[in-house]
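Provided herewith is a single structure, encoded as structure tokens, for subsequent inquiry.
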């Protein structure tokens, strides 16, 4: 057995793999608008690719990704008013995180990492992890659960090389240079650069308001310009994320 | 735009497609042991393939599948004691069905069909549909929601041709001839026929018991023999399902 | 103290009875339409009678039945559109199963069997049992919880004798020969054979649809003909169920 | 059709009865210790008898009683530490009240009264009614929902005649004169007067404490003396309750 | 460190104080109409003052009060139809009681007392305590949780001195003499005696009805007359409550 | 009536005030460790002061603050392992936001703003607002609900003047210069500057891990140095927040 994709493993393969005490990586994505040029599944494809990159180095398994995530916010994903954005209530996401943890613990896993691909998931996955740890800690000695947004581990040198700064406003990067570049690298067949319209970056207010002030969100759902995206940059991003996340996970689960 | 896979569409593509009033098909799978010869994702791969077959005929979109489903029962999936079987509590699955329905309704969809690939999902997806209909019926005139296990639409002639009978005990077909054949057709790279061990069909009792009587479940997780599976039969099954499900959906959403 | 009906026992009687380590049988019924000829409480009366028959043989107590069950489905009970059908959401039924289990465990019981009288209850009682076992297993060594539909234990010889076959489509038996016969035996005062209208068996589609296709359900709520029902057959059914269920429970709790 | 017991009616009978716009009475009981002399089902039997008495006067239907209620408190029922007391969490009871209301409203009912037989149910049935009204008020013009403990309508003259005062501490009446008398009238076969032990009334503190101070509760579960109970007084109680509750319901639903 | 108000303590102070094994008092209030003469926060101010009086004697800490409580009922608070009454659903209050208990237990506390200032809170705080005890008892040896309405501990001599009787109908005291007097003593700046209108005591029916019979509730929200209230009586009440509650808590947590 | 504090208003005063269509400000705080020098209630005191400052300008009412908030995270509050930090699960906070919104809407309010004083509350208050808007939008034309962390509106000139930069890492400001300064201005009696220990800023990892890596959090709970705090700066902060938040709210609710 050589794969690290849980979905492709038979149960005896999986059982055998667990005996090596791997960390199980769970990509937590979203089905969400990503502008006129990217498909709805960007937030599934990217963390899955990062997880697979990490797992290819050994010591990890990649569980099937969660394809639906928490609701999109105007400031970091454009908002729930876009067709195609298909989201869960917080409680639904929390429940899944709890259920998956309980199951992996039953299987014998002691290291579980939720690798988030959609900003808005973070706090609800965190609640799920906290409740899951509360429920399972006594049952599973040595249990460790981790929650991280993969983009939070961009190495300073990559940031500088591509953005010219290490101070990146990730909220604005929705469907921007980073995501578009990685998609050009991973799934160019799903990217439509010719549909990109250049416009000024979005300036959403510092508060959240219901009903949304839709006029404050660009009508194409792109918060920042993505014109400078290239497949080469995408590879740089992916390699950098894999490297730095592998290092961070190595620290956390050592 | 020619695709019917929601995951691959941009939001304007999806928005445009919805204007044709398609039915949205949601494959509802599971991550579950399927014997020594099949991968954990059989119940995701098969209903997704059926949905895509139906959608290729036009009038449908296929949403990203749910990769995790309700708990496996000894009588129809072997039970939760197998490593790899990674399941949700009923409430978690119900919540997702409600959330997805609410979202598709917001997008403007009026026909939504949950195409189940895992027996144990059926009653909980049903509860989700019932609650979703209760919540949304008043908001969305003409709304229709459907729940079906794809295997429930095997045409009599296909059943006779392959099984020699139309009285099939689907509970026993877990990781059996039908699923193995379809996997041989769709993903032969993930099938390990050489690992199959022939043994008598399982005889689980007519009740459910906690803790499980594990001795009543074959230790390899195969409830019935799969040795007669072939890729050719798999194609027959798939074609038959696509044809008959398309007809049934056509009736239901006409 | 000679009774086995918990409702009729004082608490010291019950306390004393528990010292013999009996299995507690909980009839799980429904308040549901049963055609023009049977009362709304058929699904309470029948499993209660079966439980009492089993308990009369010793080693069991019968708890007060749950009079309301899960929603009726078109294919096995006619559907929720009938007046009189008075049902619970899944979560409400699950919660009761959990609560009752917790209480019986606190009393000292180690064997609890939910004896279901209404098809649609089965999967939700199952979820309740699973959650109850998860919660209580560690607190109560030797705990066993069982879930069964009483009709699932019709002996082959009784089936052959009455139906002429052992392949019975129980979904179609709603308010049919079996239930009508047992009611004629147990509560003839509540049966109105003269109101029966003969019509062809219902042919509901293989899927579930919201809103219901009401035209697919017979307007009188009887899915199959009940004209051949007699009190004598009712006695045969009851005796057979008691005998075979007692045997099965004996196995499960031995 | 002349019955008022929903459980005994066919659905067409029930449907016809609803056309007269009756109020549906739902007895909400408990399975709870009632001393060494009374059975566990006192709190089901008594409110059901009162409901049937009221319904016999016309204009009402009696739904199947809820046999399990909220947890017993030391001060009004002795507490949850007695074997036999088999109780629900608040959320489970609330959920049932909501579900039943939703169903009766669907049937066309516009008047629903929950007639409580167990003190501790009152506040949770109240929450259920409040949520049910919030959910259904807009859907059902003229809807009225009522919550009452039947004992709260003892006429002053009956109180004076039997207790010698109109200031009755109902919390202390658990398994006392009133309940014992009514049981002697209604189900003398289930009463064991010879097992009664006279002791001073219980003096539970004004607060609730977990874990219980079990020493503050009489070990037989009788909070007050029941020795003066007679079947004749039981008839007086029942008649008085029926009369005064019928009057109160008449006011509330006029 | 000399304070007993948790809100005013630093965490090292609190940590040190916990080493003395104090009982943590949690005032559970409400934001609710209290007639034309009292502010919406009466039910927060009064139990907090009682708690602080008790705590000033040593051995207790006072946690920040819950400012919102369960819904007001017509019979004891006038009902939810008044503007300003701002209430929680039962489940929301229950959840807070559980969360706070879990946290205090984590801090090392073994005695926790919820001191209720609003009648309608009592049964829901009780459910919260019961669930919290179920969850935490095994984790925290010696844990004790208490629930009490502070007014339930009025000494007989104070009752006689002020009311001329020891039989007080507390349900009617909403915004009456007791609450008004205590507010005149504690926060005279928030009392408007000149706005009081004398009217006969309210006579709400013995049942609860939705929708409310608003005519049965005085339109000013005062169920009984408060004209005889004085600051001096308020001091008498407060002193009496502090004294008797301190004694009761001393008993319960000894 | 001149007050804007809901807690101090009678219900007729509140009723009258609502006729002017004010926005209701709800401070959402926390009971959380704030280092050795600040009390546990900093996150209640500060947003309440900001709200009162805004309300003093007219057009707003201030509701009683929520004194308990969501769990503290290592990266922005030090984590849940500190004694004194007393937190709610996400669902409990979400429920309160929903309940309060429902109530204010019933009172007639059409503008409601949750002013958060504790970073970790933001995403859960957001979920509460989203669910509350979903529930109430149809019932309350013109309803607007807002969620904001007060610190998110620090004007650039104040930031520059005090911090020497406009790029502030608010996560690190827990118990730092800003909060300490504001407390020195508002409640100097509760600040213990002499207990401050200078140490390097905390460097928590970019991921969340259960169990916490406690060594990564300073043992005193201060993530950044607070030594430069002064009451004068505190007044600057407060004035700046009031000014800029008033402007933002004016925009949002215009």
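All chains are identified by letter, namely A, B, C, D, E and F, in their written order; residue positions are counted from 1 within each chain.
As a convention for this text, a contact is a pair of C-beta atoms (placed from the backbone, for glycine too) under 8 Å apart; a residue touches a chain by one contact, two chains touch by 3 or more.
All values reported here derive from a predicted model rather than from experimental measurement.
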- Task: For C-D, find its twin among E-F, D-E or A-F: the pair where over half of the contact pairs carry the same residue numbers.
- Result: E-F
- So the chain most remote from chain C by C-alpha centre is F
- A-F versus A-B: which has more C-beta pairs touching? A-B
- Cα centroid separation between chain B and chain C, in whole Å? 29
- Would you kindly tell me how far, in whole Å, the mean C-alpha position of chain F lies from that of chain C? 55
- Among the residues of chain F, which are close enough to touch at least two other chains? 89, 91
- Query: Quick one: ring order starting at chain A, direction chain B?
  - Reply: A, B, C, D, E, F
- Provide the residue numbers of chain A that touch chain F in the complex, in ascending order. 71, 73, 89-91, 94, 120, 122-124, 126-127, 129-133, 137, 143-148, 152-153, 167, 205-211, 213, 248, 251-252
- Note on the structure: The chain D residues in contact with chain C across the complex are 6-12, 14-15, 18, 31, 33-41, 44, 63-68, 80, 82-89, 91-92, 95-96, 98-100, 103-104, 106-108, 190, 192, 195, 221
